[in-house]
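My structure is below; once you've seen it, I'll send some questions.
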Amino acid sequence: DDGGSDSDTIRVGVNYGTTGPYATYGTSSVEGTKLAVKEINKNGGINGKKIELVEMDNKSDTNEAVNIATKLTTEEDVVLTLGPEVSGNTKAAISVANKNKIPLISPSATDDKVTVNKDGSVTEYGYKMCFNDSYQGKALAQYAIAQGKTKAVIYGDSSSDYSKGLTKAFEEEFKKQNGTIVASENYVEGDTDFNAALTNIKGKDFDVLFIPGYYNEAGLIIKQARTQGINQMILGADGFDSPTLIELGGTENLKDVFFTTHFSIAEENKDIDNFIAAYKDEFGKEPDAFAALGYDLGYYMADSIERAGDDITPETVNKALSDTKAKFSGITGSFSMGKDHVPVKTIKIVELQAGEPVNVVNFDVK
Amino acid sequence: MSQFIQQLINGLSIGSVFALIALGYTMVYGIIKLINFAHGDIYMVGAFVGYFCITRLASGFFGLILALVIAMAACAILGVIIEKVAYKPLRNASRITALITAMGVSYFLQYTMVYFVGPSKRVMPAPFENTVFKIGGITFNLSTVIIIAVTIFLMLLLQYVVKRTKMGKAMRAVSADPDAARLMGINVNQTISFTFAIGSALAGAAGVLIGIHYNSIEPLMGTIPGLKAFIAAVFGGIGIIPGAMFGGISIGVIQTFAAGYISSLWQDAVVYALLIFILVVKPSGLLGKNVKEKV
Amino acid sequence: MAILSVKSLTKNFGGLCANSNINMEIEKDELIGLIGPNGAGKTTLFNMLTGVYEPSEGQIVINFDGKEKDIAGKKPYVITKMGIARTFQNIRLFKDLTVLDNVKIAMHKDVQYNLLQAIFRTPKFFKEEERMEKEANELLKILKLDTKIGELASNLPYGEQRRLEIARALATNPKLLFLDEPAAGMNPQETAELTELIRFIKEKFEISVVLIEHDMSLVMNLCERIYVLDYGKLIASGNPEEIAQNPRVIEAYLGEEI
Amino acid sequence: MAMLEIKKLELNYGVIKALKGIDMEVNQGEIVTLIGANGAGKSSTLKAISGIEKISGGEILFNGEELSKMNAQDIVKVGVSQVPEGRRIFAGMSVLENLEMGAYLRKDAEEIKESLELVYKHFPILKDRSKQNAATLSGGEQQMLAMGRALMSKPKLLLLDEPSMGLAPILVKSIFSIISDIKEQGTTVLLVEQNARMALSIADRAYVMETGKIVLSGNGKELMDSEEIQKAYLGG
Amino acid sequence: MKHLFTKKNLMWLLFGALICIAMYFVFGVVTQKWQKTLITAAYYIIGALGLNLIIGVSGQFSLGHAGFIAIGAYSVGVVFQGDATLANFALGIAIGVVITCAVALIIAVPTFRLRGDYLAIATLGFSEIIRIAIQNMKITGGASGLSYLSFENINDHGMFLMMLITIVLSILLIVNFVKSSHGRATISVREDEIASEAMGVNTTKYKTIAFLIGASLAAIAGAYVGPMNFFIKPGDFGFQKSIDVLVIVVLGGMGSLSGTVIAGIFIAVINTLLQNYSDIRMILYAIILVTTMIFRPKGLFGNKEITDIFSKKRKEAE
């Protein structure tokens, strides 16, 4: 394969779990990116050069993520790699990226430590496009308190670092603001029946239920909670952001649900509408937050490569990526890359009533 | 008290789901001693067939019946094909070899489905109004009632078929000694195909009903319930049909009480610990007889 | 002085009493027959004596070295280590292992090296292995299996499998040997050979033998004393002549005088 | 024409040649016995007839039909049943269910019931134990069960592989008289036995096998008196 | 001493040494991608050797290997939160093996009364309990796992060499065990437990010994996971991992150590080759798995060893 030496194309590695437990999220991300790349190439590529994605499936497995990262960074002549979608696998892959000096961007590895080295310094070649868990968790706690909610129950995914990270940040901030955590319950990824824990929760005196988790489970939790008669406010993070949440939960149950996100289908925004239309056209379904982040990742990557100048190498691309002044504006909001390789962007809070997003507000984290 | 009853109902509800899948598991195991890891995936295929029936062909009560019939038929055929292609050549091989093959079949079904429909969750539309009953502070769904009823009905039916009918006796004879069974004039291949057809049809029915119950389906949905159902079958005494029912319900109730009264963090650990404890006390499962081999 | 005394031994399977209140004694160097109709409980008795079944009631006392020990309910391997060996009515060889390995496994209880010595292959290991190899070969020669040393047990014809079972039992170095229908499936010629073989073994290894057999030519030729079981009860005991004429035995078991 | 005709039958287990060209016949209404040392190939012959083992050469004709082209279950359908070596009873099923399996292909409930009564008459212990798990029967009881199960199928030709093995002397006698009875009732019997004396005494004709070949054949009484047979198979 | 190297032994050593030298040589010339593949293979081989001892030799059906791998991985992982040095690695292995043996004993004592699939479920249950415990403990980092686990001063070459040495020592350990009276006793348990006990073999003891050795090898395999992946999380040690290891054992042939080695490499190579077929890789993997099992139901090697093939050839020549 001499694709890399072909000066007409720019090769970009893609390292996601499109099979295994994270398949849903991985696939959405990849699809978003593919859509973006398709559009970019149709519009002439980057300075006339087409982007070529070298896709590989890491089976949602850490070892496989490392092996694929190695393969991409040593044999495929890529200028940067995208993914994985979850924090753990991203941490593993970033070690390879640093070793082989090829930058890596993850669209959705939210763990605070992803872009941090053992000694506390920032990873040289690792970036992310999403919030840190602590940032979102803190925002949610502040929002709940601002709404006058002081007694929270947390129902999280004990098998997910995302959920754990959110929980930790939320708890800290909530307590700091004089809120109390009334109870904590847990599920594990893939569960479909949540009634046992919900029955426990129902017996508690609380005013907000925080579900740090992804829409696949959250949708069912909300449905089962509302069926059991839990009518309190429900809070979630960007893992909620998917039409599937509403389908699974059922419109009648999705009331008083609030979640943080970068992007929302509810927003009045032409770019977002175009994206949704194009995505539906391409893949026959509604996009979720992963798809949106993947889509933005496509454009952000292209933007960075363009900024790298004529000599497109991993080094120049890395330089462009780490440029904290460059502003990027996409459907998940506009941001610049922070010094810590985490984007600086504003959080939006979406309110669902009767299954419809009725309100989207920008939220400033204090 | 009402919380206790609610948890009991929650447990029965999950348990009946495991039981329904475990029935087919135990049936196949009882006859050919194969841990058919693909059973959970046949259940998944059943759910998808049901999904396409309900969304494309008909809805309402008629839709449900149609979906059940078509899903059961499709899964029966699928089960028979799988047996012919993947398991039959391995009849005389070690059981662990067959288990690995079953694992291979399981991957194949899962990822072929992913290839065609993608990995995402889909919402299974309910063909009937899934009424929520509220009595006192206690709530439960119509679908739970249906699943429990169907499970009990199928258990009785299966038990009757296996214990009383000629085909059932042929199945048990084949299980005990295939060569001797042939000497009785039993068609071993046909009997095993029949077993797979029934077991897979059960999985198909389970797929439709459980898909409706949780109103969601996905290509990997079979893995966890499949594993839990297998555990349930062992718990009740593998190969014993009422054992599957009993094991499934027990696992469901234990899991729920563990989550409700111990810790949801440790619920699976509690289930496993109790499972091991019970197996140590009753090494052939709850309903299994501990027959010592006659020497 | 009896080396084995069975005292009011009883075994129930649910409602079925397979052995009830059995009393028997076996002296050193005796050759004893145990006969009785099918389902009388002979194999069950062997199973209790060798620890496969736990008796419902009663005692099994051994006395090989002047010390009495009750072995009722002890695990089979413990009993074997004390000096009791057996063969099985339904042959239970290690089918996929060679004839030699079948015998060597039975010698394991007396092996003189431990796990670490085996893993680090100390000289002791090799010395012991050599000894076992030699002894196993000798034993197989006695049982006329020396030409089949490398065969898999499952490939032997029936008669040789029965002999291998005996070889294997002898390899545990027993003082008391139980044989469960050793001549089943053999033709009269082979049975005659086996009769001689058992007699020879008893002399050579100075052991007591108890055997279950339905072939009267073997039993009457070989046994010094015979116990008769019927419906789980001991109905007669004595020397072959007495037994052959005992009307109860004739009625229940023999069918006619022999 | 003979009921069962075997021509140049060969059977291999991998490289082992178990049968090396066997010719034999069984006529309607006869008891024919097959004797020989351990490993001679007696059981292999029966297995070949009932289709449990695939043959490597030759022909097996039953009333003119080629058995070797049929499945085991179809061979039972045309009226050949076997009491296999080693009993092969169905563990986990009760004694009664085992007997019922013998009548698997029969339809007439009344007749089946009659057969059952007959089996119980021959082996009363089976009646006592009709609910017991067959796997826990004693060795001899299992042998009776295997025999009873074959009687339940009412075959035209009954193949018996060492039916007297492990039975008490008193039962050995009754087994042979049962076999004679079966013959009286019109069933043809092919009998493999180690107890050559008894077998020859009830047989119309006999074949002697050695290492995969038929070495002698003749009428039962004749063979019993032959010196060769006396020495090799009757123990003197 | 003259017997220290019997012909068989020598053959094994020679075989082991040759393979190792060959592998190490290969490692030096292949690209990083294949180096990773070989490292993955080596990891699976160590784990599968242990499982083969449990399943292939002692005949106990264990579905809980992932639990022991996890213990090894986390022991090293926790120690490596300090310095990721060789000494700490050794310490981690030592801790891992000790914990594993303790846990394996706890498992073995009650559950070895169970047979076949009941044992499988019990071991599976224990393994899941281990994973859930790790997921809920602080010291293990919970669901977030442990990061920064690469060796400080050892590169992939060095690590691979260590893994090769581990493999050779494991094979030697298993062979010397199996080809001793204790090993024969263990095999007899697999062949016929009742007969084995009647021959004076304490079956529980030998099942337990095989289980302890096998579990310890799993822990040692696990020790390499951190340095290999830089990161570990509880999700990596689920039921699926036990199956992955089991596949290698069965594919290679139960009871055959050479089979395990070859199957480990086979699976790792297949995996790497399939990386190029992103969307159908699992379908292809499934098809390969099923067809191999159908055409080689006893595994690639049956219960034979490479050395058997040599010695047979020689016997024929003689």
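So that you can tell them apart, the chains are marked A, B, C, D and E in the order they are listed, and the count of residues begins at 1 in each.
We adopt the following convention: contacts are C-beta pairs under 8 Å (C-beta built on N, C-alpha and C of every residue); 3 or more make two chains touch, one makes a residue touch a chain.
Just so it is clear, the structure is predicted and the values come from calculations on it, not from any experiment.
Here the chain-to-chain distance from chain A to chain D, counted in touching steps, is 2.
Contacts with chain B and chain C are shared by D, E. Centroid analysis (C-alpha atoms only) places C farthest from chain B. Of all the chains, the one whose CA centre sits at the greatest distance from that of chain D is A. Chain D has its Cα centroid 43 Å from the Cα centroid of chain B.
With centres taken as mean Cα positions, chain D sits 31 Å from chain C. In whole angstrom, the spacing between the mean C-alpha positions of chain D and chain E is 50. Across the assembly, chain D contributes 136-137 as residues in contact with two or more other chains.
Annotation for chain A: residues touching 2 or more other chains are 18-19, 21, 158. Taken residue by residue, chain C touches two or more other chains at 43, 52, 88-90, 92, whereas all remaining positions touch fewer.
Chain pairs that touch one another, listed by label: A-B, A-E, B-C, B-D, B-E, C-D, C-E.
Note for the complex: chain C touches chain E at residues 50-52, 75-77, 80-81, 85-86, 88, 92-97, 101, 104-109, 111, 113, 115, 118-121, 123, 125-126, 128-129, 132, 168, 171-172.
Contact residues on chain B toward chain C in their complex (touch as defined above): 292, 295.
Looking at the complex, you find that chain E touches chain A at residues 31-33, 35-37, 40, 43, 135-136, 142-145, 147-148, 150, 225, 228-236, 271-272, 275-276, 278-279, 281-282. By the touch criterion given at the top, residues 18-19, 21, 55-57, 59, 61-68, 70-71, 74-75, 87-89, 91-92, 95-96, 100, 111, 113, 117-118, 157-161, 163-165 of chain A touch chain E in their complex. Residues of chain D that touch chain C in their complex: 35, 37-39, 125, 132, 136-141, 143-144, 162, 165-173, 194-197, 231-236.
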